[in-house]
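Both complexes shown next keep subunit A, but they swap its partner, so subunit B is in the first and subunit C is in the second.
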Partner chain A sequence: MVDFGFGLVPSSRMNLDLFDKEKYEELAEIEPDVRICMACGSCTAVCTAGKYTRTSLREAIEDIKNAKPEKALEMLRACQLCGKCSMVCPRGINTRHLILSITKVYSAK
Partner chain B sequence: MKNNILIIGGGPAGLEASAQLQRMGYNVILIEKDSVLGGHLAKWDRLFPDGVPADEVLSGLIHGTEGVKLFTETEIRAINRLEKSYNVRLTNGITVLSDAVLIASGFDLFNAVKKEEYGYGIYDRVITNADLEAYFKNGSDKRIDHPKRIGFVHCVGSRDEKSGCRSCSKVCCATAVKQAIEVKESFPDAEVFCFYMDLRLFGRHYEDLYLKAQKEYGVRFIRGRVAEVSENIDGSLVIKAEDTVASKPLKATMDLLVLMSGMRPSVSGKAVGDLLEMTVEEDGYFAVRSGIAAGQRSPLPGLFLAGAATGPKTLPETLADARAAAVEIDRYLTEIFPDARNYKQLVRERW
Partner chain C sequence: MTPLYQFLAAQAEVPEVIDRIPSGYSHFVIPFTIGITFFLCWIGVGCVRLLAAIPRNDRIRFWKSLFIPKTIVKNLKDLFGDCLFHLKIWQRKPLLGYMHSAIAFGWFMIIVLGHIEVALFVPARLNVSRGGLFYPIFYRYFVWMNPGHTTLKGSFFFFLMDFFLLYILTGIGLAVFKRFRSIVLGMRHTTKPSLADRIALYSLWLIFPLRLLAESFTADLSGGSFLTVGVNHFWHFLFGDKLMFLPFWWAYSISLGLFFVAMPFSRYMHILTEVLWILLRNAGIKPHHPRKGVAEAEIYACSSCGLCLDACPMNVQKKNLKYSSVYFIRFLRRHNEKKINAIADKCLMCDKCHALCPVGVDAPALRRAQRITVNNSLPYDYSYLPSAVSAGQLSGPGRVHPRFAAAEYGLSPAADPAGAQKPEVLYFAGCMTHLTPRIIKAVEKVFKAAGVEYAFADREGGICCGRPLMLAGKTEAAAKVIEANKKMIEESGCTTLVLSCPICYKIFREEYHLEGIKVVHYTQFINDLIASGRLPVSKSDEKIVYHDPCELGRGCNVYFEPRAALDQVGTLVKAAKEYDESICCGGSLGSLTLDTRDRAKISESSLDNLLANSPETIVTACPLCLKTFSEAVSNSKHKYIRVTVKDFAEVICR
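Moving on to the complex of A and B:
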């Protein structure tokens, strides 16, 4: 292999056509609040785990909607379910139940 | 003596102001360039935030104008200011000597063809908010055939200096959310996306509408302006945008794309303004008399403005503006106008 001095990285573009509607509806069935997030970032701002690791519920919800569920799971891996996010969410989302539900639905093969 | 008042424009603002002034006992003459009254309201199906039929609201407004002298398919041929009044020659041959004139010329919808990158008029399945309302009203449009994925593009001809439209059109966010709910009702299996820069849901109940769209209808809101649209061989559309919340570019295939055309100053209203050399601001809408409290007074004495002639407004705002204009006109005609000797001084002091 000739070394050209540079490599290629995979495209960062998201493809909404890959969105798994059935799985998302399965999640929305057990935790309907996933629909009402308005991406304000309050949860991420107060996240205790997020201070030291890449943890963000807001991003996890986005990742699911943007057809990247594996990234969502990674984003929630370090969550300790302390529940601070549920105290600040302006839409009153039951964040702990949402996190558990995301893990449950998207970890299942 | 009953003063003559000429009202230009038979949309919601003109109709409401006519009704109010007629009740006050003035002699109201209303002219409308189209053959039907109602302006854009006559072309709309349902109204945000509650989804009331536009027909109902319009027939209520028209009902209130009983006794008003109405001329449809009539425009202004010439208008000039006499010492205190306006001498107006209409295209139907009638001349009116009017003590006050109200311009309620409304707005035009932005011509979506100008945003070529969205492909309106080029791709079959790109339509506008007005086309969608016409579909809801008439029940058929060959471009709308059981779409599975529908995208709404906010800010088409709004907040876009490239197309000469810097300002926000104010009503399109709520309209898009309303229409997103309505298409979801028509096509329950469809996925619906709204591409926005900011969601400006400022009015009473508007935020409830937004929450309802998310919660009950599963409408997906993506922050990012659609940058370009292209067409697949099967007629479906590929859109490109950035999800600015995720900081990633995205693409998605849509079966139908709805462009939220914004409000532009009325071209025929501008023609009337030109006859009077009325001041137009940089945004193209008529200037009101200086000062935040000037309300519906124009810089010219006896000449008033109401509705979207002075910038984008929602329907309730337009109606409130029309009622306010009626009060201002009444004040002018009772306090300033009758005092022939001191007219000029009073205009200087109180206009």
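Moving on to the complex of A and C:
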């Protein structure tokens, strides 16, 4: 795709070359549930923080896979760890630990 | 040296006891003396180091607490009740209580009586420079009874010493038996002893039989009572007149010395650390670090008895035994950082191990402190909180709230008319309750039936109470959430805050410090409504079992009110384990890493526990338990036929 240097919407361009496999494996080792997310978005629908500011675990997981870890962290920074997402997750993902682990792994320099 | 007969003649009164060995020393005391000296040095240095690691304010508070009459009484009560008589073990497992108090109290009495004997008959020997360190311990070796001059006083001590020795030996017998068949004494699982534990354990087992041997071999010289003299006659019968007693005194001394050397590295350190921990605990000092200061006293006060193994709900699966509090504390002692974190994150924080701990070691608090060291520094951004929560969001019954409009279009929340209204009762549902709206519906129905004027703090959804953050170790972030909620509640002008989630209730009660506002759980509030006659209820013969949610029961000590209210609407039946022994539903927010399959196993065991007396309805007072149980029941319908899971308010408002 040609980059004209401007656009009407923020760029949604992905660069999978930047995908950090090592960090992803590190994350998957401390919280393997990251692999089983099916991106249904139930977590985002019930999110306490999501009502007030953009917060989405679903998007965070997608962002990580799309090599945008900064965006993923942004998606989770408002999380209050209330655990509603773990109550609704159809895959039984340990969402609270996943959120903590993503923050831990990807905010480490 | 004065010959014995001259010495005797010089005495105006014939002494009852003769100091057989004037030097008051024999080589066999060396192992014991080395052991006890090492131990005393270790504990002295340890105490100083421990107290130095406590923050200054806490230290001052600790010293002051030793002079407050109320604390002194509590200290004495706990020291005697917990350290000597082990009342907490007696209450739950009598045989185990007997075993432990036989060894602890019996040994204590033998040491005390030994010193009293020395003080009465050879007082000069109490002086440390004249053998005071070991003389009272090996008293029977050093003295001769003056034949024909034994008074009633002497016989009385002979009897007591033999009595307590027998008492200890029965305890030791039980302890040895417990190694092979612990279930008989009421323990399904026992702790796997470490190497130091084993050394200390086996030498402890040997100490008292060897003492019996040593004392019985010398009993015809030094005197004795029913036990030692009886055994002495037996030896004479076996070996004739000449008895070689020195080897047994050597063996007795070696086993004592070995025990004291191994003690600081073994679980038996709790014998003395427990005293310090009780004093610190009663002074109200909380650990700030999972390893240093008060926490260290707590760690070393753990007797590694393993009562927490059977208590832990995770241990329905044997593979989870390694995550129990006893091993957490063992790894804290060993500074095994990796294992510490794994165990700290796994725990459900149901607090049962703390409730059942005979020493009162608060392992969940240590786990939380450990989580703080890992998670508290993780980044977060809560700048949206103040706008999310404001007094403007309050809504009266039936009123739809314009908070969204206020937040999205920049309207001032104060413009909302509900903000001006001063409700007496404020109802805060909390995040979890919003996922189980049947609770909200039932609570509102009850409020309406009782004519309670109330405002709804988070009808359209509020923010979290902060407890989940606290449990995850993000205390700093939790403080932000607490601040925002606190402001909203204080601005509402309410006098009573009603909460339907025990998780919220615990943190509102403990961390919010709401001046002039009564914080109650809805079970308490509704029970008051029934008791005061405001809420009419009718009794049915429905068989109800009540599940104590962890955060409500063990967490906030609310056991009575929900049961009193439920008793008015149905027939309460007992669960197999209730009150502070209730089993977590498995849905707890406390655990960070426990997976769904393990949680399902816990739910199953918790359900089985509740269904012991075949009730028709399981009632709980926590949205998380409600959801977990409902799911578990519907997942295995064939197993749980005709059992329904209901919320407390639902049952009341029928």
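The definition used in the following text is that the second predicted complex is superposed on the first by the 98 of 109 C-alpha atoms of A that agree within 3 Å, B and C clash if a C-alpha of one lies under 4 Å from a C-alpha of the other, contacts with A are read in each partner's own complex, and residues count from 1 in each chain.
Quick note on the criterion: a residue touches a chain if its C-beta (ideal position, glycine included) is under 8 Å from a C-beta of that chain, and two chains touch if they have at least 3 such contacts.
Since the structure is predicted, the reported quantities are computational estimates derived from the model, not experimental observations.
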| item | value |
| --- | --- |
| Fit or clash between subunit C and subunit B when superposed on subunit A | fit |
| In the superposition, subunit B vs subunit C on subunit A residues touched | C |
| First (subunit B), second (subunit C), both or neither touched by A:Arg13 | first |
| Touching partner for A:Thr103 - first (subunit B), second (subunit C), both, neither | second |
| Partner chain(s) touched by A:Cys82 [first = subunit B, second = subunit C, both, neither] | second |
| Which of subunit B and subunit C A:Leu73 touches, first, second, both or neither | second |
| First (subunit B), second (subunit C), both or neither touched by A:Thr53 | second |
| Nearest-approach distance, in Å, of subunit C Cα atoms to those of subunit B in the combined model | 14 |
| Touching both subunit B and subunit C, residues of subunit A | none |
| Of subunit A, residues touching subunit C in the complex | 31, 33, 46, 48-49, 51-53, 73, 77-84, 87-88, 92, 94, 96-97, 100, 103-104, 107 |
| Residue numbers on subunit B that touch subunit A, as the complex places them | 191, 193, 211, 214-215, 218, 220-221, 223, 243, 245-246, 248-253 |
| Subunit A to subunit B touching residues, read off their complex | 12-17, 19, 21, 28, 32, 35-36, 38-39, 58-59, 62-63, 65-66, 91 |
| Of all residues in subunit C, those that touch subunit A in their complex | 345, 374-375, 378-382, 384-385, 387-388, 407, 431-432, 434-435, 461-464, 466, 468-469, 472, 474, 477, 481, 587, 589, 592-596, 624, 627 |
